[in-house]
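Note that subunit A is present in both complexes that follow, paired respectively with subunit B and with subunit C.
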Partner chain A sequence: MKWSLGKKEHLVWAAFIAPAFLIYTVIFLGPVITSFYYSMTNWNGLYKTMDFVGLQNFTQLVSDDKFLRALRNTFWFTLLVVILQNGLAMPLAMALDSKIKSKSVLRAAFFVPAILSPLVVGYTWMYIYQPDGGLLNELLAGLGLGSWQQSWLGDPAYALYGIVAIVLWQFVGYSMVIFIANLQTIPGDYYEAADIDGAGGWRKFLSITFPLMAPSITINVVLASIGSLKAFDIIYVTTKGGPYYATETFTTLLYRTAFTESSFGYGTAIGVVMFFIILMISFIQIVVLRRREVGV
Partner chain B sequence: MSSTRFGSRAFDIFNVLVMIAVVIVTLGPFWFTIVGSLNNGLDYLRGGVYFWPREFTWANYRAVLVDSTIYQAFMVTGFRTIVGTLIHVLFTSLIAYGMSRTYLIGRNFYMAVIMFTMFFGGGLIPTYILYKDLGLLNTVWVYIVPGMFSVWDMIIIMSFMRTIPDALLESARMDGAGEYRLFLQFILPLSKPVLAAITLFNGVYHWNSYFDAMMFTTKDSLQTVQLFLMRMVTSADFAQGVNASALANIPSQAMKISPETMKLAMMMVVSIPIILIYPFLQKYFVKGIMIGSIKG
Partner chain C sequence: MRTKSPRYAMLEIGLIALAVLFMIPLYFVVSMTFKSPEEMAGFPLSLPGSLSFGNYAETWAMMRFPLVFANTLLITVSTVALLIIFGSMAAYPLARKSSKTYNFLYIYFIAGIMVPFQLAMVPLYRFVNALSLVNTYHGAILIYTAINLPLTVFLFTGFLKSTSRELEEAAWIDGCSKFRAYWVAVFPIIKPATATVAVLCSLSTWNDFLIPLLFLQDSSRRTITIELYMFVGEHVTNWSLLFPGMVLSVLPLLLVYLFLQKYIIKGIAAGSVKG
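On to the complex of A and B.
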């Protein structure tokens, strides 16, 4: 029997939706729409006056070295994080899903960094990376590798990789927990059947584990990509985009352009481009990765 | 046969060694901070304190905990964590319930509008201008209002609520229960697991926030603990000021503290509450993420 719905019920449901929808429209949607407008002005953020300049900000972006460098850095950073984070989390998840004792303690330990504040994480690693007396350099000296010592975040050649390492430290455990949840949905019978057919460990991984892990791979790749493309906190806290723009990404460039250089219009144009790039990349990833997914 | 057993034994040992290494890498950075924060501040400056405190003392913790500005910052963070989280969960579950009823008129329209910003906030600059126009700048509400609703959390709660059978609700309706009673008496209690997850995550989000405090407030009375930590670490003058006030508050400890070790103690103080609720959090984490990602 289908319950017949009167006008009154619909009004009541509308009342459930209204408060949050209103907040959403004003706080979230409003700025998205105005950002399209500001991106076509030359507003500096200080004065009331601004001129409408059409697509000039966008055409300027195409030949702006700072922007192109930030674009390169962002993509390289994202690629490294997505590959390494998933590449490290997957074997860890498989190890912790298997017979190791005290695995729940280990799981918990690996997840802790993900919930710490970005400030605490950033500062902890700044102490570790310090050129003089930092833990990393002291450890290298202790191992007789004194010549490997670096100013890890101070040297343009290493700074971006230093930040990638921090991100991995913080989020490998997060991806791992998602992989583990997926591993636990794979029925044990499949492996038993494969054992009877004489399949080895690698073969079982390729034929059973990997295909059935597709849903969590989709989630982890998309989450890591969006997270890295939008990464701001950890870069802002540690290097602010330096040294010599070596760690400048979309978000730090946007922040600097708008608030240090007072080019609100131009900064917003960077934000709009970033929005479309993230949208496009996530969309492509979801379409491609979802196609791989099979039901259990 | 015995060679396979030897092989699998060697594999186990290798596995355990890798796990130990990963645990050290994960918790090591944290340990280093704890050790520093428990060491005599003046002695710490001589360097070389990494693995165990050389001159053990609680003085750094006493120093940061007697400070009245830090106390004030804790009140602000506590307020936003408790009030902000409760309001967030209430508003988001209201809209999630409305949206979980698939026969709601206009549902697809609402959904399309909401998904529009799934991957993107409005951008910092237009958001700043909006908050200014709304009079949110430099008020405690700038911490609460924008956080009342989140798309991701709505999707998670909504997917969970969809699993509540319609038949159950219909029979309650037959007994004359109105929609609001239904929501309070059936929907909310049945959604407890997912609401617990969202509450914990939103609580962590509020506790760890610094960016909104940094961007949208200038008053010391609205400082959050994370912003306090940030100023302590990034501004030498600020750290000196905190140190001086600690010296005035607890003169007997003067020879045991330094700005440097007080920073480390402050990093621990802002992390400890998060670590204490962590065991509860971990239990719900996977559930929340998995529910959200299946539908997302």
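On to the complex of A and C.
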């Protein structure tokens, strides 16, 4: 009756897992594994013929400037998003977990962008960033800062930061919600005890809030990292990787190489490298951040 | 406590100001839908002269709103239903048993979270095409189910690990089959995780545009997002139709959010902090 290990028992559990296993394997992981094979061929994605080239695509990647630039852009983009998104969401969550009256309305307001499609968010910000008559430049002119006007997404020096700002606007509310849920699990007694000991606000944050926020920090950092490393829609909609490859990341390079330039084998190799990088980064983050959680 | 209230008032005013600033992009898009071409050329934050819904009526007809709305709803609801049924069932033994096989299966499922979808695209297209599932609802539903299963299994397994086994074991002793015991004694207690899965997967399915771009090219099968994307390609200079199109495409989700925001926000937090 209990959770024994009889043979029949295993069959029952196999039946529980089977539908999900089949759908996932046949539709998603099967094609992914097929792609791992293609990454070792010179297939162009269209013709029937292809040659097995072993690891040649991968050795070529190491000295490919386009790939190295995409690697740099992806890491820089991810680092900025992870740090800024969490750095902004944490104080916002603490402010909206306090005793202010309008907190539920404000929370709902900050979360709204997270439900919008990347397509709509991308179009909206393209009009905001427009060089002629765009909202941002008009506002700068109105504030007497006309000399600050830029072609925000059209200038290679600013385009990547322009997209970082869009992502922050869209997802800061999402991280905030997860932080708030964690804050609500911290017992109020801790703060009362600290008050009695005469601890100041900063001291209380460092000794109570920050350590006890470890679980949500783990989740938010891992989610933002995977999301940024895999980011595609928002970049594809706004800049398609341009101008002059300034916003080219793994996914846009993969897409362009595999589908537009018909080097499917080579493009797929980029995807395989990307998968292993994401795997490694998430693994390291989970190990390091979880250790912090246990230590508390 | 009283001495603190002026500080809270200051904080509150600051936060309200920040929220207003935060909402400017949305105000901008909505205000543009009511503006005449001359007004559009003026200052972007100016109020529209009048509230005429003419642009909306025209856009509604041009983007065939009822059709694309029904397509998106059908695909999203079916996907989420499949994910909740099959995802939670698969997570159940993965959460309860700890032998090597089950641990391996768990990792097998959640590895998908780290795979960029683009990696599956070409083999998947050839496969789906060979089965004549391109431009079909069930083809799209199966694809969305497959790519959302890793996160679903992760969330359900995480939540199930924190639940007690007493109810289901009592049901077994009463003679329930494993299957029946699951639906009667386990499924009802994992509601918070179900809510999280429903919210996250509805959002990602409803808002997606890469999959319909590839797999739902037939104009009678388009979803809201892809219709808007095609629409921009065809009428890129006609702003008076683009802005209402953007608003119409997000309106269904915004309305749902307006009524269910408490549950949506709670749903995301519940699954995330436990998972």
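Going forward, the second predicted complex is superposed on the first by the 280 of 296 C-alpha atoms of A that agree within 3 Å, B and C clash if a C-alpha of one lies under 4 Å from a C-alpha of the other, contacts with A are read in each partner's own complex, and residues count from 1 in each chain.
In the analysis below, a residue touches a chain if its C-beta (ideal position, glycine included) is under 8 Å from a C-beta of that chain, and two chains touch if they have at least 3 such contacts.
Everything quoted here is computed from the prediction, not taken from an experiment.
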| item | value |
| --- | --- |
| Joint occupancy of subunit A by subunit B and subunit C, clash or fit | clash |
| Touched partner set for A:D233, first subunit B, second subunit C, both or neither | both |
| Contacts of A:Y47 with subunit B and subunit C, given as first, second, both or neither | neither |
| Subunit B versus subunit C as contact partner of A:F21, first or second or both or neither | both |
| Subunit B versus subunit C as contact partner of A:F250, first or second or both or neither | second |
| Subunit B versus subunit C as contact partner of A:W202, first or second or both or neither | neither |
| Partner chain(s) touched by A:V177 [first = subunit B, second = subunit C, both, neither] | both |
| Contact residues common to both interfaces of subunit A (with subunit B and with subunit C) | 1, 3, 5, 12-13, 16-17, 19-21, 23-24, 26-32, 34-35, 38, 45, 95, 99-100, 106-113, 115-120, 123-125, 127-128, 133, 135, 138, 169, 177-178, 180-181, 215-216, 219, 226, 233, 254-255, 258, 264, 268, 271-272, 274-275, 278-279, 282 |
| For the subunit C and subunit A complex, residues of the former touching the latter | 8, 11-12, 15-16, 19, 22-26, 28-29, 32, 41, 43-45, 82, 86-87, 89-90, 92-94, 96-97, 99, 102, 105, 108-109, 111-124, 127, 142-143, 145-147, 149-150, 153, 165, 169, 172-173, 178-179, 182, 203, 206-210, 225, 228-229, 232, 242, 246, 249-250, 253-254, 257, 261-262, 264-265, 268-270, 272-273, 275 |
| For the subunit A and subunit B complex, residues of the former touching the latter | 1, 3, 5, 9-10, 12-14, 16-17, 19-21, 23-32, 34-35, 38, 45, 92, 95, 99-100, 106-113, 115-120, 123-125, 127-128, 133, 135, 138, 169, 173, 177-178, 180-181, 215-216, 218-219, 226, 233, 237, 254-255, 258, 264, 267-268, 271-272, 274-275, 278-279, 282 |
| Touching residues (chain side subunit B, partner subunit A) in the complex | 12, 15-16, 18-19, 22-23, 25-27, 29-30, 32-33, 36, 47-48, 50, 91-92, 94-95, 97-99, 101, 103-105, 110, 113-114, 116-117, 119-127, 129-130, 134, 145-146, 148-149, 151, 154, 166, 170, 173, 178-180, 183, 204, 207-208, 210-211, 226, 229-230, 233, 263, 267, 270-271, 274-275, 278-279, 281-282, 285-286, 289-290, 293-294, 296 |
| Subunit C-facing residues of subunit A, complex | 1-3, 5, 12-13, 15-17, 19-21, 23-24, 26-32, 34-35, 38, 45, 95-96, 98-102, 104, 106-120, 123-125, 127-128, 133-135, 138-139, 142, 169, 174, 177-178, 180-182, 185, 215-216, 219, 223, 226, 230, 232-233, 250-251, 254-255, 258-259, 264, 268, 271-272, 274-275, 278-279, 282 |
